[in-house]
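Given below, in the form of structure tokens, are the structures.
Paired with chain B in one complex and with chain C in the other, chain A is shared by the two complexes that follow.
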Partner chain A sequence: MFKAIVSAETLTSALDSVSVLVDECKIHLEEDGLEIRAVDPANVGMVDLSLDASAFESYDADGGLIGVDLSRLEDIAGMAESGQLIQLELDEETRKLHIQIEGLEYTLALIDPDSIRQEPDIPDLDLPAEVILEGKDVNRSVKAADMVSDHIALGVDEGEEFFYVDAEGDTDDVHLELTQGDLIDLQVGPAHSLFSLDYLKDMNKAIPSDTEVTLHLGEEFPVKIYFGFAEGQGQVTYMLAPRIQSD
Partner chain B sequence: MRLDDYIEELEPDEEAERRRLAKEKSYAITDHLEEFERNFEQSLSGDSLVGSTAPSIFVGRSNYPDIPVGLLSPVGDEDAAEEYVTDGNWYQQGYDIPDVLQRRTGLLNSNKRANVDSPSIASRLTPNVHDAWDGFVGVQREVAIAGRPVDLEIGLDDTPDLGLDAGTDVATPRGPRANARNAELRENPYVPKPVKKTLEDDDWQAQGAMTFLYRRGFDVYDINSILSAGALGEAKQRRLVPTRWSITAVDDTVGQYLRGRIRNEPSVDEVQVWANEYMGNRYWVVLAPGNWEFELVEMKAPGSIWNPNPGDDVWLQSASEGYEGRSSYVEETAGAYYAARLGVLEYLESIGRQAKCLVLREVSDDYWAPVGVWQVRESVRNAFDGTYGEAETFHDAVAEISTQLPVSHARLRRKSELAAGLQANLSSFTGQE
Partner chain C sequence: MEFATFADRAAAIEAEPADLEIVARVSDLLSDANSDLEVVARFVQGRVFPAWDSTTLDIGPSTCYEAIARAAGPNVGGDDVEERLAEVGEIGAVAAAYDFGGQRGLGAFTGGGGGDESGENGNGGDLTVNEVAETLADLAATEGSGSQDRKVDLLFGLFNRCSSEEARYLARLVLSEMRIGVGEGTVRDAIGEAFDVPTDRVQRALQVSNNYGQVARVARDEGIDGLDAMDLEVGRPVQAMLAQAGTVTEALEEWDEAAVEWKYDGARIQLHHRVDGDGESETSVFSRNMEDVTAALPEVVEYAARTLEESAILDGEVVAIDADGSPLPFQEVLKRFRRKHDVAKAREDVTVRPVFFDCLHADGDDLLAEPLTARHDRLESLLAADSDSEPDPDPADVEGLSLLWLTDDPEEIEAIDADALESGHEGIMLKDPDSTYSPGRRGKHWRKRKPDVETLDCIVTGAEWGEGRRATFLGTFELSVRAGDAGDDLETVGKVATGITDEKLEALTELLEPHIAAEDGQTVDLEPAVVFEVGYEEIQTSPTYSSGYALRFPRFQGVRSDKEPADANSLERVERLRDRQ
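Entry: the complex of A and B
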């Protein structure tokens, strides 16, 4: 059983943060909210999303599992105007999702969850540095790096205690330093890793500019990116594997 | 073999000697053009070329969609027509630049303009190339799908222009051209069975049909010609495709098919360096363990064909793709990217492995005329003959090769996505490989 009413903005934000990595996903319809975990086919980027029941206008579920084609569902959600509500109801018999936006009714065929790529286990990584910054600073860093290169280095200078972003291109360089004062918080630790901008650009699209973003970093280790949406009732954690420079 | 020993054994002296000989031979081209002119006059009867034979076609792209469609025929050397067809044999026979230019300039391109969708007036009622078998375009399409050179008679509007065009890296240099009035078959062309199948099935998407032909043993050169003539794919999608575009389309399509084949294969288990040198181009192919990733970096020496000023710096270009391929158009390296990628994928598919692969192409000033993108394809395909050098790590291999390159390791790392860092996957950090 699943029946919920949610604002178009909240649903779209949730779907967008997953669709940057995969085309299809499994959605767990838990009693206390939705949960999605997915990893891209290359096993480079991972997303772990939860949307609490309190983010919905009304929410009723008992632990079902559905498989959806994300771009389909995004298209439908995109039919709603800002401020409109979207009503979702699962038909257990036909395995279809009934979607209502004002007068518009849409019946979405679901995908067999078993046919969707297996959900990843969330790796338990010991990442020594933690950086908390505003979404707009992540956006600024990614945008600047993209002007000169296809990859970006994120690191922490332990001695001088700042977080930095480096991008080296064919001819041009980008360097950005954010000190304790520019950041919301910084826990210094040995950290320097290179990441593909292809992935980071996509992840950045899902990060609201006015949100707090927490980065966990290590040396040639994956980055963990955590942020909230829907007034903190939705949480996204991305994990992105680095490009290895040393061996 | 250790990489440093491997590099030492590449015997640069022998290469230099071969290049010197190649340069001397280039004078032969001038003589060749004079001979062509004589042959041409002999073959001309009235304003028709009688007893001509066409092994291949050329579809231009100027003024698209009203493009020049041409029949290529070796005037005065009809018996050797097969040898004028660009394919892997040219590499196997060790053609050098002058050899290629002789073949090119020995082919008369008799062409006529046609619309890519409705090549003749008759077929404008059904504006589609897929059933155009009459007129000049019809004859040209018969030649494209035929398994052997076809005897025909071409009516010319004027005498040929013997000017030798420089061409580009993808398309090959062209020989003499003439405007054709008409063309007629002098025999019933032989069409191989699989080609008939793709021709007749007009519900079959082009990608699938191309892959089918490739699996039936047709090389990309044959498929290219068939695609170019609009002789495969869904009926409503069929149209004439400029040769330059179809070469890249076929390399890309077959490459995607092969990439799919190795997607779930285990990775190579060591870092291997393969090298090859052909026509003033040196290739280094580095394979390393991990999921598929590919990059071509081209270094064009000052004084080489696209970087003509001898005082300039080495010109660098690169393009790369990850495990799932590219989502955007290749802006740098163009057709060479897909040709090199095909060569690597064919090898990986043959050994049932995937790998991270960096191809470095060094173009020296000995590459004084572009011969076409087949040279890249065949050089990379054949780089996997013989032995390879082993290195401890990918970055060790790149550092060691850098000592042989015309650019510094630092500059290479700035330009090359793979030399800067190899994409790891998440499972290597969780031990759940």
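Entry: the complex of A and C
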């Protein structure tokens, strides 16, 4: 059993943050909210999303599991105007999701969850450095690095106590430093890892510029990127594996 | 089987110059393939999907370059890969030269480590042949907006796990450039050798199933009995039997009789029509390359629905026709053949109609091993079943049936050829009436009459008034070539009467009538004025004509309005061409 009413903005934010990594996903319809975990085909980038029941206008679920085609669902959500509500109801018999937006009714065929890539185990990482910054600074860092390279190094200078972004291109380089004053918070620790912008750019698309973003970093370790949406009632954690640095 | 093992074996096969050794190595590879046998049997030929399956990866080379670039490392772009390709000339070598695996996977950071399957980089560990096949199948199934990006992601995931040798063969496989010297015959022989079954039985099973993977597995698991039990399946295309070039003379020398059919200027099709128990039917149409072209040819589907009452596999052509039903050139068929969108509109512009000349399967019976004449009889009764007005209709009245004449008379063959040409078709096919249907074989049992290699420019020196409908037309043109030291004598070499439509006869009559020198009944002498280009099958010595030679099966090709009689070919040239035969 699943029946919920949610604002178009909230649903769209949730779907967009998953669809940057995968086309299809499983959605757990838990009693206290929605849970999505997915990993890209190369097992490099992962998303762990939860949307609390309190983020919905109304929410009623008892622990089911459905598989959805994300772009299809995003298209439907896109039919709603800002401020409109979307009603979702699962038909257990036909395994279809009935979606209602004002007078518009859409019946979405679901995907067999077993045909969808297995959900990832979430690495239990103890990452030494923590950087809390505004979404717009993440956006800016990624954009700057993308001008010169297809990879980005993220690190923390323990001595001078600042967070930095490096990108080395064939000819041009980018270096960006954000000190304690520029950041919301910084816990210094040994951290320097190289990441593919192919993934980070996609993840960045889902990060709102006015949100508080927490980065956890280590030496040659994955980066963990955490941010909230829907007034904190939705949480997204991305994890991205590093590229081995050749030099 | 690990993909690394496959890559090593492929490298060894590629390095092996001797055909027999290649077969032996492929045979070993198949023996060791275990549960991946079907995939290995395809991969070794550079195929990702079975031959009958028209699924494709649907990726351009640039998608593959992009994926290689991403796996290759920071700041390598698709352009760099393309540049190297231009230098090296072969994608396998380009891929092998990069160092992959720099991108780590999250698997390296899960759990306490140790003993997991994810390999040291955590990106999934050693690739297996089956994983490659499954990922490529996922890739082929990816569609819609952003699908090219998703395809790059999937391919990147594979390349990122590749050693240099694996990358070489993965890149080639993806771009259909395997080229390790393993053709279909090699795999056939290797299946026989690996699983100790006779090659001819393997061959037959391949012909009916068109699936190397399945045949290899059946040969291994079920042996000869399993292979022999494999049958044609309605809905699964097989390769078409092909013809080689030939002449009437050769055909009549080798066979007691020749089966003669019109050769249509169309596109080859294979029709699969399935009728199930409650009379519902389903039709698929495949091209010569086994592509599914059903949607592009609704006329053929409609034809099958109204004509066929039993399940069948038919071999034929679709021809384009104009409003009067006259055939249009091949290019017009092509406009329809590959069309995916707006079929209904295309249909308004060009109509097609099917013509069938062979029957591979009818109502549960495989007919490949039956002689041509028996297959054609079956075809005729299948197609005539609908003509319920008459119990035994004239074959010529059966819609969609290509007629077949049995004859040993060259004159009759010539007449059939003339009719075919006059109806606007390409000419004739000559077939061995006793031959079986061999899918994919280009053999001497089917011959398309050789296009005329050489033509002669002859002077028209005589003609005959036609009869009946053609009484006002000149026809049966007497042909002469120049002779004598000065080249101004004329000697006859034959008469051409075939290959000319009524329309052309009318125009030729108009052209020649002013040059009539004398008339005697139907026979007309002409002043040397007009030059014909004439094709022929061969030049024979003959007492019939004053030159001492005769053109065998002469065919009118056109008027050389650019040539004067003085420019026509000479007897010397006729002799030279004859010597070269």
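Brief remarks follow.
As a working rule, the second predicted complex is superposed on the first by the 245 of 247 C-alpha atoms of A that agree within 3 Å, B and C clash if a C-alpha of one lies under 4 Å from a C-alpha of the other, contacts with A are read in each partner's own complex, and residues count from 1 in each chain.
Definition applied: a contact is a pair of C-beta atoms (placed from the backbone, for glycine too) under 8 Å apart; a residue touches a chain by one contact, two chains touch by 3 or more.
Just so you know, these numbers come straight off a predicted model, no measurement behind them.
Superposition of the two structures on chain A leads chain B and chain C into a clash. Using the contact criterion defined above for the overlaid structures, shared-chain residue A:D23 touches chain C, although it does not reach chain B.
Touch criterion not met for A:G189: it reaches neither chain B nor chain C.
When the two structures are aligned on the shared chain, A:G169 is found in touch with chain B and with chain C.
Look at A:P208: by the touch rule set out above, it reaches neither chain B nor chain C. Contacts of A:G67 after superposition on the shared chain: neither chain B nor chain C is touched. Using the contact criterion defined above for the overlaid structures, shared-chain residue A:P222 touches chain B and also reaches chain C.
Common to the chain B and chain C contact sets on chain A are residues 39-46, 120-121, 123-125, 150-151, 168-170, 194, 196, 198, 221-222, 239, 241-244, 246. Within the complex formed with chain A, the residues of chain B that make contact are 291, 316, 320, 322-324, 392-396, 413-415, 417, 420-430, 432. By the touch criterion given at the top, residues 70, 73-75, 77, 101-111, 118, 121-124, 135, 138, 142, 144-146, 150, 153-154, 156-157, 160 of chain C touch chain A in their complex.
Within the complex formed with chain C, the residues of chain A that make contact are 23, 39-46, 71, 120-125, 149-151, 168-170, 194, 196, 198, 221-222, 239, 241-244, 246.
By the touch criterion given at the top, residues 39-46, 120-121, 123-125, 150-151, 168-171, 194, 196, 198, 221-222, 239, 241-247 of chain A touch chain B in their complex.
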